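The two complexes that follow have chain A in common; it is paired with chain B in the first and with chain C in the second.
On to the complex of A and B.
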């Protein structure tokens, strides 16, 4: 019953999306506000119906309605409630519905919130969102419907893929999708600006918060994915440069470039075409991510759904989107020429230009590594994979370049910086940076990348810190405030800028984590019998026994081990779990986390009368997760910038 | 058109074309490194249990080694062609087919042959997949073509199809064995 309600709601939403597109198109071209209003109402009611569709499917899950094929395929009676309630996006069909729903809801929110302030853009935004929603709903309804019945219904479902029964994987898809779909809003405004041929940068100011929101969601989504890989996949790492991971990382890179380069456009009107290209590329890459995961065009470690039929459809959809977007851009390119040229060689504009180039090169590097196997297979019929060695070689230098620019770009003045100013700004950061050499020696870091990263981290911290101290001092002198009040006022009056600083700090913490765990991981791979010991780092691990344990929907072979070191004794319990409905065992790594390092133990197969055990010492992994939290906090601060319009006006008048 | 426009549209069209072609690839089709390598020998009991089949006994003939199991759905689809092919080549003295029934039980295999027809050639019985693992088989059905000198010349993943022998195997056979 509920599923039919959902199904019909989705069909009605499709019809409404068609109405939305048609009326907005007429309203936009013939300038008929009434038609646009009808379109807006259609968008609102349409997202209401899609919400009903989601509810219909959700209720089918919660009531264990196994006569629904999708529910039978992704849930079972034993599935714990938490996973039952989130199994909706555990498969292909449901996650596409989630995409479509988010698209529709975001579109409606954007249209209503910019109804007055951006009224000229609204018709085209409605058209873009209408087309996107139609495309996704056609895919959901005709090619991968989660609403199909299964007659006769089975007694029990096939259960959710055990690998997905993990908190990281519960949150990973929705956040990632909120990021992907969030970029649809600035994308729609950009397309609208292109269609109307408007020269100003209204669309950028209007959608600043959306871009920030989408970027934050994408960041969080990627980190949840990495977290899931680390805790659930059990291979000792969190990032494998897998095509699907790359697919989510590429839009992140272009979006980060976008967030920086829009500041230049807001300030002086430069980089106009560039910004349009960045946002179109970002959204196109978001779709590419979906395409890569869902079409089976690339083989990936976690290819959860392979279906060339859908692949053809998504390819067609993407081709139209790419050709229309970039076609519009090249068509209108000349009309949007920037009127200003860069003033000086040394300025924040130039630093941001290089920042953008580095991010683009980084994205192209990842794109090349992701598509190269596909190209080789297409033209020579051989299978190759591009793995971590390629990316580590190419990507680390780029990352170092970005970090260096981060230290410079955040504090260097706009327009033109004199030599004395540069010396004043960067003398201390450079000196502190070179403390990396004695510190590396003291900590026993001998890898050049390790020393380089330490240098950059110190450099960036000092340059950012120096900037804050200078600004606080100026306020203390001018307004006669206590340093603390001055500091609080400084931050709260410039939330966007100092939120950005916090994001930078979070990234530094993450980089420390990347370098620590990437370069200094230790591994022991051996067969152990009960009573035997293994040493890794400062720890001595002893295998005490192997036994069987069981929970509501799984049974596991568990090794009980104790680890001794750093004045502590810990118990570790790595498992090999077999979930009831599945024959494939999953690996449950046992992880002991400290701020300094993670102890990561995996239980393998029985070998003779011993057991195969892998032990990792992963230094600083927790810094990756902490860094991500700090980045999230920074975005939150930047998100609540109050004086966007006012600040903008004063800048205009000044320039 | 200025150069940056051409560059953008070129990249966009290139990526679309690459994906369009990439969709034709089967992600499950992994090329085997065994092509042009000497076949790994085996000497295993036959399915009926009345003989031992040794690969080296068939030197001087082309051997089509077909991995299958009664649990495999695609093997049912492939089976009529194997029956036809066996009939077609029964008079050739330079070509024969050997089946490898792997990861299976004898009862299951007999039931399969009873239901879908017996092509008449010999089968190896490989319940523990010893041969299948040696040959790098990761699915069923998979077939290998071994030339008279014992070199693996071809691997086919998935069901063989009507016309396969004429289209793929005969040119190789007529072209001769690797010396």
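On to the complex of A and C.
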């Protein structure tokens, strides 16, 4: 049967991972290329077997094999095909298998693509990946197996949780995991560099694309999650500082710090230990993210009530990983002494240093809020939660600090910036920034944070735009090109730099969305009878009728409403759904999106002869999603940088 | 500027900004902690809890749920089997909020008045239970983590 084939393949993959680790270790320590070659083949065949394991489970889903416990728990006969095909990662057993599979496949791809160019690192990369795959497969096979049988099989499965029957949830886990697992590649190369004592920036340059890829996937994964929460959870927002959201946000913060600080090392050889620490922390937080979500220790939507044996295993795994990684770092500490040069207190290096400080504080803020309740529960009898106000209070100032540094750091010269240069660079951005005052008056923005954000957005746009204009002008003068050609050449020859500019622009768009939806949300909470109206913002909503609708696996009470405003008439249909296999109803918000605002309506319970209706006006929410797309585009541009950045030698000679 | 001066300026400013951020974090942190109690615990520590923001967890007492006619204002009792605590709430209730189901209510505690909740959390689905809802789950996970540390 398919599931046994899958199970058996997974066991073989575990055996192969052990062989991979052993042979690579021998090959690496004794310098025997043949052993390394054997290890590489083991990695390749291992990924093949894990792919078979995934297929075995996938086919069991597609054939409705309810004698497989995992399938019975996460699918049913009338689950639509699309969700049937993606239910594999609807629970923790399957998600962990997906993680392990990605890990194995990424490891193999990395080993094959760097086989020649990084041949000295390869044995240790194989060892690191081997160990990680072993750890994951042990967890999958012995503590949370998706391959277990359920005898006798039920007639029908328990169905996929209705909340997960949504496109957002289908794409959220794989993207997030590609992000998490993607960081394993730079992590493995960093560990390899530590073991070999090759402590220059070779590991950073080699894995630059993997870091970018992982960061982009993580960004997209997080935004998919937020998007899903917005459409599916029906509370009017997209980010609740839920521990599980935090778990994915922490590695994002350190990874962002990493992407910036590696530039300093590439440029001047500083921040060596720091960059190693950042990548180790990022990968460790990726694991923590997976485990927090999948171990059931957290109280949240994602937390599955389950067996705590996993928790212990995971805690052990994390401890070993951190001990080994930081142990190596300490051992090599002496050799890692940075080329310690400080040319000027006002320089891009220093701006990046502060950028890193802000990102680290942000990460620690989230870490504290996420783990403190767990610590309290573990060591005392009390139970505690940390509310969203904590994060909002801390994060707005941090975000403002980061935006200010973004405007400065992207254009300020390396090494040293004279006062004259600073004035020349930032006079105009500051002046334009202060246009925030009349503009906010004009738009009716009276919240200080709103005005502050507007100031920073204008400041950053002008500083980045000014830089582009100056560079284009220089090219026009020097090479006698038309401005357009000069612009295209400028971008295409510095894809990393200007890709970064585009990512920054995407973030600005997102920030506008955060501020608009966070500070200026309006809400109406009321009981309506058919024919009654409610006003919110420029809109007048009328409840037309309440009726029942049904689809293949659910039935819903639906309110039909129409909204009038801004010269438009639209129909909104919020629902309360009950899925056949589940007793619990789910709320389906009805959302009308415009560039200016979202109209978001939720249907509640019957109250007397009326119905409970909740209406939100969420300004600028769509900017959050658009901003994420722009960020993705920026990464894509940066990804195709051909030239591997400035040669450090020339810089050193110049100094 | 000499290198030492530069270094001092740099580390000084880093320290200053770091400290400011740290203060921001910790000052916001203490205000935002919301402790969780059972009705029995709340009644026992009533005066100490005055004005603090708390979460109370238990079951919605069968037969206690009452709605003010035609409004969003509801009254019910939360019970842990030992004591009952009357609660008032105005607004939309979660999909799974009903009598006999687990519930967590959050609000500021004022002794001698009906507890006014501004947030209600209900058991989310048959598949996942917010951990604080199942005493058993808590006891288990606490034990397991403690065991692993010994």
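Note that in this section the second predicted complex is superposed on the first by the 638 of 655 C-alpha atoms of A that agree within 3 Å, B and C clash if a C-alpha of one lies under 4 Å from a C-alpha of the other, contacts with A are read in each partner's own complex, and residues count from 1 in each chain.
FYI, contacts are C-beta pairs under 8 Å (C-beta built on N, C-alpha and C of every residue); 3 or more make two chains touch, one makes a residue touch a chain.
Because the structure is predicted, anything quoted here is derived from the model rather than measured.
Overlay done on chain A, so just call it for chain B and chain C: clash or fit.
clash
For A:353, using the defined touch cut-off, is the partner it touches chain B, chain C, both, or neither? Pick first, second, both or neither.
Only chain C is touched by A:353; chain B is not.
Once the shared chain is lined up, is A:387 touching chain B (first), chain C (second), both, or neither of them?
The answer is second: A:387 touches chain C but not chain B.
Touch check for A:277: first (chain B), second (chain C), both, or neither?
The first partner, chain B, only.
Of the partners chain B and chain C, which touch A:327 in the superposed model: first, second, both, neither?
first
Check whether A:79 is in contact with chain B, with chain C, with both or with neither, and answer first, second, both or neither.
Neither: A:79 stays clear of chain B and chain C.
Could you figure out whether chain B or chain C reaches more residues of chain A?
Touching more residues of chain A than the other partner does is C.
Looking at the overlay, does A:214 come into contact with chain B only (first), chain C only (second), both, or neither?
Neither partner.
Have a look at where A:378 lands relative to chain B and chain C in the superposition and call it first, second, both or neither.
After superposing on A, A:378 lies in contact with both chain B and chain C.
Figure out whether A:312 sits in contact with chain B (first) or chain C (second), or with both, or with neither.
both
According to the stated criteria, A:605 is in contact with first (chain B), second (chain C), both, or neither; which is it?
Second partner only, chain C.
For the combined three-chain arrangement, which segment of chain C clashes with chain B: 3-11, 21-29 or 75-83?
Only 75-83 shows clashing C-alpha atoms.
Let me check the overlay on chain A: which residues of chain A are in contact with chain B and also with chain C?
Common to the two interfaces on chain A: residues 296-299, 303, 308, 311-312, 315, 374, 377-378, 382-383.
Touching chain B in the complex: which residues of chain A?
277, 291, 295-299, 303, 306, 308, 311-312, 315, 318-319, 322-323, 326-327, 329-330, 333, 371, 374-375, 377-378, 381-383
Would you tell me which residues of chain B are touching chain A in their complex?
1-2, 4-5, 8-9, 12, 15-16, 18-25, 27-28, 30-31
Can you tell me which positions in chain A touch chain C when the two form their complex?
Chain A residues touching chain C: 158, 161-163, 296-305, 308-309, 311-312, 315-316, 342, 344-345, 350, 353-354, 357-358, 361, 364-365, 368-369, 372, 374, 377-378, 382-387, 389-390, 393-394, 397-398, 401, 525-527, 576, 582-587, 602, 604-605, 607-608, 610, 612, 614.
Where on chain C is chain A touching in the complex?
Residues in contact with chain A: 1, 3, 6-7, 9-10, 13-14, 17-18, 21-22, 24-25, 28-29, 31-36, 53, 55, 67, 69-72, 91-93, 95-96, 124-134, 137-138, 140-148.
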